[in-house]
Every structure is written in structure tokens, then in C-alpha cells.
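This is the structure, below, for whatever I ask next.
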Amino acid sequence: MDVRKLEALLRNVRTGKTSIDDALVRLKSLPFEDLGFTRIDHHRSLRKGFPEVIWGEGKTSQQILSIVRQLKGKGQNVLITRLEEKKAKTILSVFPKGRYYPQSRVLTHLTHPVKVTGKGAILVMTAGTTDIPVAEEAAVTAELMGNRVETLYDVGVAGIHRLLAEKGKLEKAHVLVVVAGMEGALPSVVAGLVDRPVIAVPTSVGYGTSFGGITALLAMLNSCASGVAVVNIDNGFGAGYIASLMNRL
Amino acid sequence: MDVRKLEALLRNVRTGKTSIDDALVRLKSLPFEDLGFTRIDHHRSLRKGFPEVIWGEGKTSQQILSIVRQLKGKGQNVLITRLEEKKAKTILSVFPKGRYYPQSRVLTHLTHPVKVTGKGAILVMTAGTTDIPVAEEAAVTAELMGNRVETLYDVGVAGIHRLLAEKGKLEKAHVLVVVAGMEGALPSVVAGLVDRPVIAVPTSVGYGTSFGGITALLAMLNSCASGVAVVNIDNGFGAGYIASLMNRL
Amino acid sequence: MDVRKLEALLRNVRTGKTSIDDALVRLKSLPFEDLGFTRIDHHRSLRKGFPEVIWGEGKTSQQILSIVRQLKGKGQNVLITRLEEKKAKTILSVFPKGRYYPQSRVLTHLTHPVKVTGKGAILVMTAGTTDIPVAEEAAVTAELMGNRVETLYDVGVAGIHRLLAEKGKLEKAHVLVVVAGMEGALPSVVAGLVDRPVIAVPTSVGYGTSFGGITALLAMLNSCASGVAVVNIDNGFGAGYIASLMNRL
Amino acid sequence: MDVRKLEALLRNVRTGKTSIDDALVRLKSLPFEDLGFTRIDHHRSLRKGFPEVIWGEGKTSQQILSIVRQLKGKGQNVLITRLEEKKAKTILSVFPKGRYYPQSRVLTHLTHPVKVTGKGAILVMTAGTTDIPVAEEAAVTAELMGNRVETLYDVGVAGIHRLLAEKGKLEKAHVLVVVAGMEGALPSVVAGLVDRPVIAVPTSVGYGTSFGGITALLAMLNSCASGVAVVNIDNGFGAGYIASLMNRL
Amino acid sequence: MDVRKLEALLRNVRTGKTSIDDALVRLKSLPFEDLGFTRIDHHRSLRKGFPEVIWGEGKTSQQILSIVRQLKGKGQNVLITRLEEKKAKTILSVFPKGRYYPQSRVLTHLTHPVKVTGKGAILVMTAGTTDIPVAEEAAVTAELMGNRVETLYDVGVAGIHRLLAEKGKLEKAHVLVVVAGMEGALPSVVAGLVDRPVIAVPTSVGYGTSFGGITALLAMLNSCASGVAVVNIDNGFGAGYIASLMNRL
Amino acid sequence: MDVRKLEALLRNVRTGKTSIDDALVRLKSLPFEDLGFTRIDHHRSLRKGFPEVIWGEGKTSQQILSIVRQLKGKGQNVLITRLEEKKAKTILSVFPKGRYYPQSRVLTHLTHPVKVTGKGAILVMTAGTTDIPVAEEAAVTAELMGNRVETLYDVGVAGIHRLLAEKGKLEKAHVLVVVAGMEGALPSVVAGLVDRPVIAVPTSVGYGTSFGGITALLAMLNSCASGVAVVNIDNGFGAGYIASLMNRL
Amino acid sequence: MDVRKLEALLRNVRTGKTSIDDALVRLKSLPFEDLGFTRIDHHRSLRKGFPEVIWGEGKTSQQILSIVRQLKGKGQNVLITRLEEKKAKTILSVFPKGRYYPQSRVLTHLTHPVKVTGKGAILVMTAGTTDIPVAEEAAVTAELMGNRVETLYDVGVAGIHRLLAEKGKLEKAHVLVVVAGMEGALPSVVAGLVDRPVIAVPTSVGYGTSFGGITALLAMLNSCASGVAVVNIDNGFGAGYIASLMNRL
Amino acid sequence: MDVRKLEALLRNVRTGKTSIDDALVRLKSLPFEDLGFTRIDHHRSLRKGFPEVIWGEGKTSQQILSIVRQLKGKGQNVLITRLEEKKAKTILSVFPKGRYYPQSRVLTHLTHPVKVTGKGAILVMTAGTTDIPVAEEAAVTAELMGNRVETLYDVGVAGIHRLLAEKGKLEKAHVLVVVAGMEGALPSVVAGLVDRPVIAVPTSVGYGTSFGGITALLAMLNSCASGVAVVNIDNGFGAGYIASLMNRL
């Protein structure tokens, strides 16, 4: 039932051609799907201030450029993830004000300045230096979603003192995103030190039985510390996203 | 927005208190969930003639009895799957006209005779005798859903002549449900012999590397014959159900 | 026993040289395999109107060209799957009327127009845009097998309203092919909305624990909705094929 | 270095026996572990208002009773998880004011009333009825940790209208705990409908390729919706715990 | 086409009612399945001297007794595998001349003495004592199939001298069945010492990462020694069977 | 203890310098490893007539050339497996009488004609055409090891008549090597048709859940037909080798 | 070749009946296996002071008693692992001086006091209290093998201060056995704190994705700290054994 | 609390401004993390004589050069692992006295000669020649850490005599590092021959079901011989490292 039919129905109610009871019956069986777009818009509006996110993998530079143009037209900030350097260059040649992070393969383009709406700081930590690209994806995502982001890199559990030396930083954080590959033990230790939610991000860093991040993932799911929840392997974006939702609670 | 509000809105349209444009706007943002039950009823009616299915596992005899009573009150036929013998006895002591299939742990209770609405015969086959309980679940399900069901058991590929000797039966079938454990090869051979859809059901029959049916499942997913689709391990009910949907097309 | 020997035997029956009993004995132990080709022909004829399918992977352009020539000679339509673009170009340079679908790596060549013999429409759906190549393989297969095919792409469960807005399209379909990667949830939702068989196709879209489509496959096998059967990961062809068989029932 | 040695050192600083530089050197190499208990106490105090949690599995009734007595002595509320019914009865015979939840095998004992400190409501949802025990563990945990908890059970994706009919409830929740077995699709759909963090809990409900909850876990990790983080299979406690941490942010 | 129809056809050829060409056409499309039983009989006769094998698992004592009676009636020796002790007792109470091997859960019943037809000795070896039940199943199978069987138990690779001390026995064997759990290394060492085929049988002996025999299986499949082929985990029967086929070559 | 020391000992026995008892003691504790090479030679001699096998992977052309020269010098035939085409060309430029099989990446070089010592024919079969490279490796290996080899390709179970049409060929074979990818069902069907040992070779042919040959491997290990043993995925060489050992029994 | 033959050979050398060259040839091909027992004895003697170990699983009380009697007769200390309580009671009723550890299911029987031969202390640690049975098996094994053993239980990484508070104990240890289930992170942290070898023992403690210890095992294999080696899941005995070998270096 | 604040506190104690009790309270709650670096230095000093290790993977040549310069400045020896040849060349062009091992991708640079501090010899063994790169990484690591290293390559279990012929070498070793791919059986055989700890290193050598080293790893974890501990797949460095720690005990 499209809008014109709905309008006609209402006119008939007005003129008495259709009884109110008949109209009720017809409206109750109304295919709600026609109303869907309204809902989607309403839904979208709740998310105001968040950037629009484009999954770069499997899209051509031209496709991405076209989406970016649309979003810019609507005054949206843009976050493109999983974007190869080559495509990034093409996009930056058109939108030179964008910024590309080659390690995390993320490109951001600000149509308007990001307004900080998150309540506290989100601390993004890594166990090793090779985990940094995933952490950076989380950090950039959280920043674009209106958060103050702190980082603390290379504080893996094999050198526990380096971590403990930064306990002050940990305690000041509102939400913690902890990124680790290999044995994935860092979130357990961190969650034992703070009373804030820890989002654990396994990375595919490692070799042999690290199984591309599965070992780290399993370790994080089995954390002996309470207060840890986990996202997919290398999913820095997802961690930054849910951390942002938390930081607005 | 409940019905009374909707009625009030229409009255206001009738009396002119609310303009048609305003009513349109309000209706377009109408919370569709209030219309949900209508849809569900409509949806249900499409399924007329199908039995109601109760998943017996994890429910007490008393819970099941109470559901059966409700359904009987609505004149529905009832199919209970994954029902332990002990519970079945309790239920049959109350509803003695029900029938329990101890191998497949299925209980049926007919409030009215099943009307055959399926177009052709559904042939349910097994590779071995130990696969029969799963096949029986498929057969009983399909029968209650209004199909003529044929069975052909113990025609595994190690004795290919036994299968070929029944080629006539295969060719007469409209839809084939092929149940096999161990190496799960039967659906491939059958699909090569007929031009009808084959629903393959892996069973947990086997030992060692049969991995509780995973080997059979994988073999079926990798069938070199076209025309095979697969359901979960030991899911006789699911196979009988989708075969019934097909047989009504 | 070849045909000449069989002919000789019959001649001897005719002339009385061989008694009927002796002939019976010899015929009963006749190596049936000599009759195999007859059967195959008979079998083939049942499939009349279906295209011949060539698995392109692992064949050279020359091998494929030679097969295409043979099939064309017999007046067959041809479907080549898993064909690299480079080989496709070679083949199209010889058969310029063929059509190549670079996304799904499928090439079709029509010797005669496809006659629509399927009863209803087959609806091919995807959860995301990256699932489209697999869906396209299913759609092209079903079309060549004589079906009217509708498509509905990018209606994943994270935006459930986009799906519900197309419920009319879903309800009109005779058979539904639902293609999804990542968490593979779309077939469950779709099967809950329709009373037609749903063929679920997991895709290798995703990263980390999507395990190249295994997660989507497992989710589809464990659908809480009845009426779903599953094919191998990325097996668009297989889904299109069995959907076509169903649509002729 | 124990406190007496530290005291002596300070005395020597006071009297000049030890120079400030020497004291600095000694203090800098001070074995920090001696200070550990202080930290732990400080740490504990941050958690004030949280119940003490006892993992019941692998402990005897006597061991548990002894811990409960200690905690009661300190005025702590107590939460015992994974507690068999038999042990629960022993404990309740001593502490009859405790409450045992047989489905989720949780026992609570309140020394003082729980004070609601969580900001909003935590909504605990399940896909099916068999997921309820895990959900109940999450709900009881969150309640004891000072939250208002709402529940919404049996709204699986195969009947999407039942879920949409409760969209209001979803939108009111501050944090959502979504519990599902089988294909584990519910968190994806829910996260697409709200702008709050979703904690997904896979359950071991299912059979065959549900692999005791692994399929649901994988599906949740691969959610196409943003805003989902996952805990271990059947880890209702862990979900309730992190949801509580979030609800205090 | 049954025999009477075939006879009628031949009569018509004799009388000239049916031309030879027509008869040829009809015979070529003859449903070979009707000839199947002839083949099967012929096939069976090739196996003369082999015992009939009954898979005991999932069959009731009564079902087994009934099959044993039939086979005894035909003068067949009988081998029942995977038979629980309780059922075995019932069977032995009826057929007291049978023999039950409680470790390997095998029951044999000789209607006639076994004639040794195998060419050489089959040597059945184990790595440990806990592997003996599986080895015994292989040995009993091979003996009933007409072979001279030698055994060599508990010669695992951790005490390589015990194995080397029996090199003479190894070199005299015609075929070797090597049974091992845990790391499954024995077949590799044995195959390096002999020039005869080695059938490797992984057992479910072990704990932790032995994964119920998978580790042993994988090790055997990856043997660095040539001349090894593998059967399913704990499949003593299968190993004894194929070793017997080899020993007749 | 080297040979000179042993000689000295014997001389001392001869001259009476060392008593027989002392010599016995010394000889009994003789480090047997010094005799190892003798054994190896003796062992080798048993294998006379077999080619020497070089694993080509991970060796440079120069390394391989050097080994080939040595073996040629000893009058040995040479079989090189897993040899890249590029290296093969280098080797053939030096030894132009060698023969390279590009599909199976095998190179053979005959120093003397192969003498057929195998008793019967070894039949090497494949399910599909893409399995042929692995089959060819088996065939070439078996030929070089002195066997008459027959081949039967592309007789997969989806077209069972093609297989049955060749039953004569199957029955004539002494040992059967059955090569299949995808669902790996062919060995089960073949083993049901013959009374000879079947060596099953899974191949990595397939996609998605074929898991690089694991599905075929598992299916073969779980064959419902007796008389099947299995080698590693794509291990044509191993199958040809053990088949050759069998064919000499 | 047995000793008599060897003696005869030497006699013939003495008398000149056999030339030295002939004797050399015969001795060089001497079946070394006859010398095996000498080696084994020599080998054993190296292990003097170690207890004899009996794997209790799958042995009857009578079999174990008989072995214990033999070992006692030789003056050996005895260690029985994986021994059910019921069997233990039977054995203790015969050898009341034995000691049974019900948690770790280990029984020891000292024929003579253990002499401490290990150089330093072996420290056995656990992450949780449920890991203690495995740790106890390691500790008892190491003690019987002549080591001073220290223990440190329940110092998991979620409460890092408890661990650090015991750093002194860690630094004093010569070899460390670190036992942990769940996420298995403790060995990484410990190995970062000490400069001694760490033997990591994963336990089957946990639920859901702990997969019976696989997660802990994988985490340990992927330790970001150097100096860690791993044994099988729950293999306390193996850890105690290799730690003892190290402690004698 | 930084050093200046600590100094101020002590001054106040000296002057009496702060009472000893107050100072004690402040010191006990002292953030130990500020003392962390001291500890680390102390810790480092224990490792004196060990080279600094740089993980080369994922670092640029420039980053590595900068680290090497720093370490050289401190007089440290340097070990770089997992270093691509291309980067190695860049580094050697700057530090031409370094040495690169192309097979194991290790680069060493000695600032001062290595002093042998290990007590005995470390024997590094391999099953095959393709395992040598991993073995070389272990050997180079152990040498730089101050050990005498022996090697014994290509002594796999399929030719057990080659191994036994070197038993003397085995018995002389203090610690054994045993490197093997494929079925990973060598450590079991070796551990049965010696009374020294065996560090087993699985390699990714193999194909098909070797699963990139998982099969070898599992076999090693399930060794039937006591005295084996395992490191990650291809982790030659880790094996050399822990062997070095052992050799200093």
C-alpha cells in the first residue's frame, strides 16, 4: 500500500464512503513494510553525530568516491575501513582533506569537526607493537564517534612491570579496548586491575598455533577475570564502535 | 498506538478535526509492531493443515500436556519431536489415541485426519539400518504435513545393486529425503539417478572420525552431483518439513 | 558383451540354435554395464531443456572451447562456471554471442532461447553487496534452466526494516535462494516470513572467525526456522540448480 | 621488606643514620609485592556494593558454607554460580534466607538489601525458552550488582514480529544482554534496532552442528551489526557482570 | 522387466513376432536392476570362505540371534563386532559353542572349521597394552578370514630396543597391522624396517590432545615412511579385513 | 667400535690373547649402531628393482642434479616427486632422456628398463578429471616399481553407470588405487564391487567445505564398505608405493 | 643369533676353522637385537633412583598389585598415576604403607626413602584452586624423583598482585611448573618474571570454549614470553618428570 | 609518585615535618609502578650475557637499524629473527660484520665474543633435511646465549638405524632440541634413548593433513616417552632459548 492509496482511504473516511470500522480493518492489515523508510529515518536520527562507515574491501575506488560524495552532500563525516593504500590515494586525490592511516588502512574525511560527546576517556591498549594497526582502527573509530581517546601500546604480560607502571592511566579510563595477539592474555590482567568494562580485541598477530588470532580469541573468551567482552579477530572498528556506545551511557 | 487510538484518529479524520495530511503523517510513523499479531494470524492461515510442532527436549511432561491441550482445543494436529520414552508414556496415559515412535522419539496426536495435499510421493531413504530412526522422524513429519510417504531403507553405496534394483521407486518419487551416516555418499549417487530435488540428512551413525555426523555432513555438502541440499545432523524433522514445502509447490 | 554379440544371440534364438532357456540364462547374467550408455541417454532426455554445465576451473581455454563446440553441435545451451576472466575472453573471441558475468565468473552461451518451464518465480536474495557474485551465479543458473528469477540484494538482518519493506516480494516467490556471509542469519529470518522452501547459500564473505564461510554455513544448518536446506559455501550454481528442480515440481 | 623494616628505615632517616639519598635508593628497589595487599584493599573498595561471587563447581558444600560464613561476617551479599541442586539444599538448610534458582543453578544470599546504583535498565533477552537458564544467571547477577533488570524471552528471529512488537522495550533499555543458541542470530537483529551496547551470550542449546554453542558464538562474533561484543558460551554471569559495569558508566 | 517378460520377448524373437532389431532396442534399455541379484550371487561366491559379519551395535540380542540362526542355516561362520558383554551372554546361552572376546567385544561362532587360505602370516602389533583390544579385533577378524595371525604387543617407540629385538618376527610377516594410540609413531618405524605393506590402526588411547585417536590418525597419515595406509580410529575389524584381502593376492 | 677394532678383537681371539668369554662379553655390549650401515645395505638389497625416490620440494635444481648423478652412477632408476616445472626443465636439459609429467609434477629417469615383477594389474581410478594429476603420480610410481598399471578416469558416483560399465576392468585388477576429491565416495562404491584391496587417495579438489581434501579423507576413513585403507591427501606417490608392495605379495 | 652361536663362531676363529675375514662379515651382519637387553640394562642403570611408574588407567587392581609386588621385590619405589579411588583402596589394603592422593588420583609406595638428588627447588604453581589436582600430580612425581618441591597455588593473572607478592618464591626456584586452565595466561607472566625454564601445563578446567584445555594449551604455546615449553593437557606427571630431568642437569 | 616527591617525603621525615607513621602510610600506598624501571633493570642484569632479540617480522629495515644501533651502543650482542633476506641485506650493508642465515632468516651481530656459560652441549636434531631451517634458528640462538651446540640432521624414524648409529652423540648431550615435521615421531624415540630433557619443535614441513605442523605438534604433546616438552610450530628460537636456560641450571 503506497501513500496515494493511504491518502485515498483517508479521503473515503472523511467523506463517509468508508466506515471507520472498515478503515480500521484495512489499516490493521496494512503492510507495515511501506512505513519502513520512515522508521529507518527516525532510527538514523538517533545516531546523529556518528560518522557514516564504508566497508572498503570489495568496493572500487569509483564506488567509494560516489558514496563519499553523497555523504558529504548530507554533511556527514565519513569513515572508510579496510581500504587498500592504492584506492586511498585515488580518494585522497579527489578529497585531499581526508586523512589515511596506512597501518590500519582507515581513511577519514571530516565534513564538520567532531564534537566530543563521550563521557570519559577510552583507553586503547596493545600487548605488542604489531597489534598497533588494529588498535589504531579502534582509536580512529572512537575519535570520529565523539570520544577522547588515550593509547597505551606494547605493554604485554611478559613484561608485567611496564603495564603496572601505567596503572594510573588504566584507572582513569572510562572504557578500555585491549588489543592482543599471540596468547591474548592482556585483557585478563587489565580487567583484574580496573572496574571498568574491557573490550578485548584478538589480533591475527603470531604464527603456528596462533591460528591467525583464534588462540588469542579463545583466551579472551575464557578470561578468568570478570568484566571482559570480545569482538571478532582484528575487528578494531567494532571495538571502537561498541566502546563509543558505552561511553555515551 | 493501540486500536483505540487508531479509531480516534479515524474519527477525527471523519469529523475533519484532523486533516488528511496530518493523519497521513501520523499513520506513516505508526508503530507497525501493533499490527504484528494480525500478520501472524494471516501468516498462520497460510500454513493451514500443518500440524503444530512441539520440541520435546527440555520441557516437562506437564508443560507438554498443557500445550497439547491448548492445541487440541483449537482442533490442531500435534507433532512432538525429541521426546523421551518416559515423558511419552505420561502423555499417552492422558491422550491414549496418540502414537509414539520410540526409535525416532516422535509422538503424534491427530485431532482430525490428515488430508493429503502434497502433489507426489516423498521417498525417504537410508544407507543403513541404524539411520532408520532419523528417517522415521522425517517420514512421520511429512505424513502429518499431508504427504504420501514411501520408504526405502538399507540401500547404502557399498552394495550398489540393492540401490539400482529399486531405481523404479526412485524415479517415481517427487522429492527424495536421503538419510546417511558414516561417509554420507548415498545422496550423491541418488541425485545422479533422478531429476528431483534431494534433501540430504547426515546422521550421527558411525565411530572415530565420523565425528558424530560431521563427516557425513561434509560429504553431502560437497556432493559431486547437482540437486542436493543439506539439513543439520540427525534433523529428520527439518528434512520432512522442507520436503513437504517442496511437495506443495 | 557388445551389441554385435547380443545381436548374434538373438539370431540364434530366432534360428533355434540357442534355446530360450539358455538365452534367458545368458541374458540374466548379461553385463549390464554394456547397457549403461542407453540408460544415460534415457536419463539425459529427462533433463531436456537444461543447459549443459562445464566446470571451468582447471580446464584450459582450448579444452573448454572444444567442449562448447560439441555442445553447440548438439544444439545445447551452455553454462560455464568458475571461469577466469582471461579464459572467458578467449572463449568470447570465438563465440562472441556468449555472455560473461565477471563478478560471478560465469559464461553463458545460448544455442537456442531459454524456454521458461519453471512454475513460479525464484527469488535470489543477499544479505550484503559482497554476496552478490554468488547470488548472480545462482540467478544465471536458474534462468538458463528455464525459470523466471527475481533478485533482492543487500537486505541483511542488521537493518531488518529494509527486509520487511520487501515482504510482498518474498511472499510472491515460489522458491527462495538466500545468500549470506558473516553470521549467515538472513535465511532464518526469511524462512520465518514465508511458507516456501528456502535454499541457504553461505558465502566466504567476512574475516577472522568467519572462517571463509564456515560460520555462515553452521548458522544456516542450525536455523531455528523450519524450511531451510543448505548448499556448500559459495555454491551459487548448486543453489540455482536445486531451486530449478523444485520449481518444476 | 616488611613494615617493621620500612619503619626502621624511616627512623634512620629521621635520626640521620641513613642519608636521604641512601633511603631513596633503598626505597626505589623496594619489593613492591609487600605493598600488594594495600592495593588489593583499595581496589576492593572501588567495588563496594558488588556481591562477592563464589564459583560453586568443584567445591564441596562445606567449603562453600565456610566461605559464605566469612562473607556474611563482613556484611557482604553473596552470589554462588554453577551450584548443583544437592549442594544448594545443604546450603539453604543452614542459610534458609538464601534463594536458589534451579534452572540457572545460582544461589543468592542477601546480607543487606541491594541498592540500585545502575543508571538505566538492563534488558536480558533470549531467542528461545531453552536459553532462559543462562539468561536468568545474567539477570540475577545484574540485579545483585545493583541494577534494574527487565527480561524479554522467546523472541527468536524465526518469528521476527514477536521481536518487533517489543521494540519499545528494546529502545528503553540502557544495556542489552542477548542470549541465543542454535544459529545465534538474535544479537545481530537487536543491535540493528537499538543504539545501545549489546552483550551477546551464546548458549549450548541445539544439536548436531550447533557444537555445544560454537555455532552461536561464531555467528555473534561475525555480526553484521555494529555494537555487539561477546562472552563465553553459557556465560550468563559474565554477561551480567560486564553489563553492570557498563550501566555504572 | 521381470523374467516372464524377458521370456516372452525371446519367444517372440523365436517366432518372428519381434524383429531382432526391435528386440535389440528393447534389451538395450532393459532395466539392469532386475539382473542385480545374479550379480550379487556371483559376487558373493567370490567371497566364499569369508565369515559373515554382523555389526552388533544398535541391534538387540533377539535381532542378532535371528541373523545368526539364518547364517548357521546356510553353513556360514559368523563374526559379530562391537557387541556388549550383556548381549554376548544372551547369545552364548543359545549358541554355547560361540566364543566371546570381552576386551575387543567380538563374538565368533564357527559352523565349520576355518580353512587357512592366506599366503603368509599377518603380524598384528601394538604400541601399548591398552591398544590390545583393537588389535585383538583385527587378529580375530583375520583368523576367521583364513589367515595365520601372529601378534607382537607393547613394542612402542619409547623403548625402541624392544621393537628391534623382534625384527626377525617383523621380517617374516607378509602383511603387518600396526595398532597405536597417543602419538601413533609405531607404523612409521615399522614401515622403515620392512618391505611389506603396513596397515596402520589409530586407537582412541590417550588423553587431552590425543583427541580420541585423531592425533594418532594424523600422525599415521603423515608417516615419513613409505608403505603405510590407514583405517579409521579403533577400526580393528577393517584392518583385519583388508589385511586378509592382501594376504590372498 | 669400528671395523679395525673388531678385526683386532678377532685376531686376539685367534691368538688366544683374548679368551672366548671375554670376547663374548665385549661383543654382546657391542654398540650395534656401528653395524647399522651393513643392515641398511642388506635392507636396501631387499628392495632391489625399486627406483630411488627424491622429494623435489625444497631442493634446488643443483641439489637434485647431484643426487641424480650419484644414483645413475649406481645404476638406479630415479623418481622425483613434487618437482616444479622450472626445475624439471633444468634437470631435463642435463638428462634429456628423463621424462617429466607436468600435471603430477613427477620426473622419471630410467637407467635401465623397468622389469615387471608385480603379479597382477594395478588399477588407478579417479572420480573426476581434476583428480588425474594425483592419479598419475600413483600410476607413474607403480610403473617404476615394476607393475602393470591400468587407468580408469572420471567415473565419479554421480554417474554411477559410467562406473558400472567398466565393472569388468575393476574385477580384473589385483589392487585398486581410487583417487577422489569432493565427497570422496568412489572408494566405498568400488570396494563394494570387488574383493581386492582398495587404496583410497583423497585429493584437495573442491572448494568451500571440501577443506582442501579433508572431507574426502574423512569420507574414505568412514567407508561403509570393507577393504579400504587410506593415505594422506594428494599422496599419489604413497598410494602407488603401497599398492606395489601389495602386488608383490 | 643367540649367545651359543656367537660362542661357536668365536671358537671357530680360535681354532682357525673360520677366517677372521669371514668372522668379520658374519659379525657385521649380526642381528643387533640380540644385544638389545644389554643396552636396556645399561640404560636403566642411568635412571637409578627414579621410581618405576605405572599408568593405572585400564589396568585391574590385580594387574597393578602384581606389578607392585615385582617392583617391591627389586627394591624399587613405585608411582601409580590415573588410579581410581576404588582400585587405590584395594591396593592400600595390601600395601598399607602406600599413600593415595585422591585429588590427583596418584598412589605412591616407598620401598626405600627418596634421596634428594635434584639441585634446586622445583616450584609448582597454579592459576586457580581447581587446577590443584594436576599440580599435585606434578609435585608428587617430582618429589619421588628426588627433588625438593615448593607449591604456590591460586595466583591467577586476574589478581596480579597475589602473584607479585610471591615474587621472592618465584626467584628462588630452579625450575617452575606452571599449571593453568581457562585462558592459560599464567606461564607467560611467570616466564617474564624469572630467568629459569618454565614448564607450562594446561588443564581441562573451564567450560564452553575452554574446550577441555585446548584454549589454555594454545595460549601457552603462543606465549609472548621466552623460556616456556608445554606438555599435554592435565599431564602433571609429564611436567614433574621433565622438571626432574632439568633439575639434575 | 616520582623520585622528587619521594625525596621530599624523606626530607620531611628527616625534618620531622612528616611523622614516621604518616610516612609509612604514604609509602605503603606508594604507586609501585614508579619503581618498575628499577626492577626491570635488576631483572635485566640477571640475564647478563644474553643477546638482545629483535623480532624482525613487521618491522622496517630502518626501525631495525635504529634498534641495532642502540644495542650496539650498550655493548649488546644482537639476534634478529624472522628477517627477510631483502631487509637483511640492508642491515648488512650498514653492519657488514653481522652474519645472516638465509635458511632460518636469522641475523646475528656480535659486539663482543660470546662467552660459553652453558654447562654441557645442546644437541639440535632434525628428522628431515627440510626441518633444518628451524633447527638452525634454535642452534644460532643457543650459541649466542653462550652454549656449545652440536647438530645431527636427517635422522628420521623411518630409518631408525641412522639414528641408533649416533646414539653416542645423543648420550653425550646435556639438553636435546628435536625438530620434526610430518608425523613428529622423532622426539618420542629420542626421549626413550636418553635421560636428558627433550625440547620438541614441530615444523610446518609436510602437506595435506600435516596441517602446517599441527599433526607434528599433537604427536609431540602425546609422546609415549617421558621427558618431552613442546614449543610452538617452527619456533626454533623458543627452543634454543629454553634449552639455554636449562643448560645453565
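As written, the chains take the letters A, B, C, D, E, F, G and H, and residue 1 is the first residue of each chain.
By definition in this document, a residue touches a chain if its C-beta (ideal position, glycine included) is under 8 Å from a C-beta of that chain, and two chains touch if they have at least 3 such contacts.
Computed from a predicted structure; not experimentally measured.
Colleague: Measuring between Cα centroids, which chain is at the maximum distance from chain F?
Modeller: D
Colleague: Compare the two sides of the chain B and chain F interface and say whether they are made mostly of the same residue numbers, over half shared, or of different ones.
Modeller: same
Colleague: Rounded to the nearest whole Å, what is the centre-to-centre distance of chain C and chain F, using the mean of the C-alpha atoms as each centre?
Modeller: 39
Colleague: Measure off the straight-line distance from the CA centroid of chain A to the CA centroid of chain E, and report it in whole Å.
Modeller: 59
Colleague: Centroid of chain D to centroid of chain E, CA atoms only: how many Å?
Modeller: Centres of chain D and chain E (C-alpha means) sit 55 Å apart.
Colleague: Can you pull out the residues of chain D that are in contact with at least two other chains?
Modeller: Residues 32, 39, 159, 164, 193, 208-210, 214, 217, 221-222, 226, 232 of chain D touch two or more partner chains.
Colleague: So, with touch as defined above, which chain pairs make the list?
Modeller: Pairs flagged as touching, ordered by label: A-B, A-C, A-D, A-G, A-H, B-C, B-D, B-E, B-F, C-D, C-E, C-F, D-G, D-H, E-F, E-G, E-H, F-G, F-H, G-H.
Colleague: Which bits of chain C are touching chain F when the two form their complex?
Modeller: Its residues touching chain F are 31-34, 36-37, 39-40, 43, 55, 57-59, 202, 204, 212-214, 217, 232-235.
Colleague: What part of chain C is in contact with chain B in the complex they form?
Modeller: 43, 46-47, 53, 119-120, 164, 174-175, 193, 195-199, 217, 221-222, 226-232, 237-239, 241-242, 245-247, 249
Colleague: Mind pulling up the chain H residues that touch chain E in the complex?
Modeller: Counting only chain H, the residues touching chain E are 127-128, 156-160, 164, 182-185, 188-189, 191-193, 206, 208-211, 214-216, 218-226.
Colleague: Under the stated contact criterion, what part of chain A meets chain B in this complex?
Modeller: On the chain A side, the touching residues are 3, 6-7, 10-11, 13-14, 16, 20, 23-24, 27-30, 32, 35, 38-39, 42.
Colleague: Quick check: in the complex, which residue numbers of chain H touch chain F?
Modeller: It comes out as residues 129-130, 159, 161-162, 164-168, 207-210.
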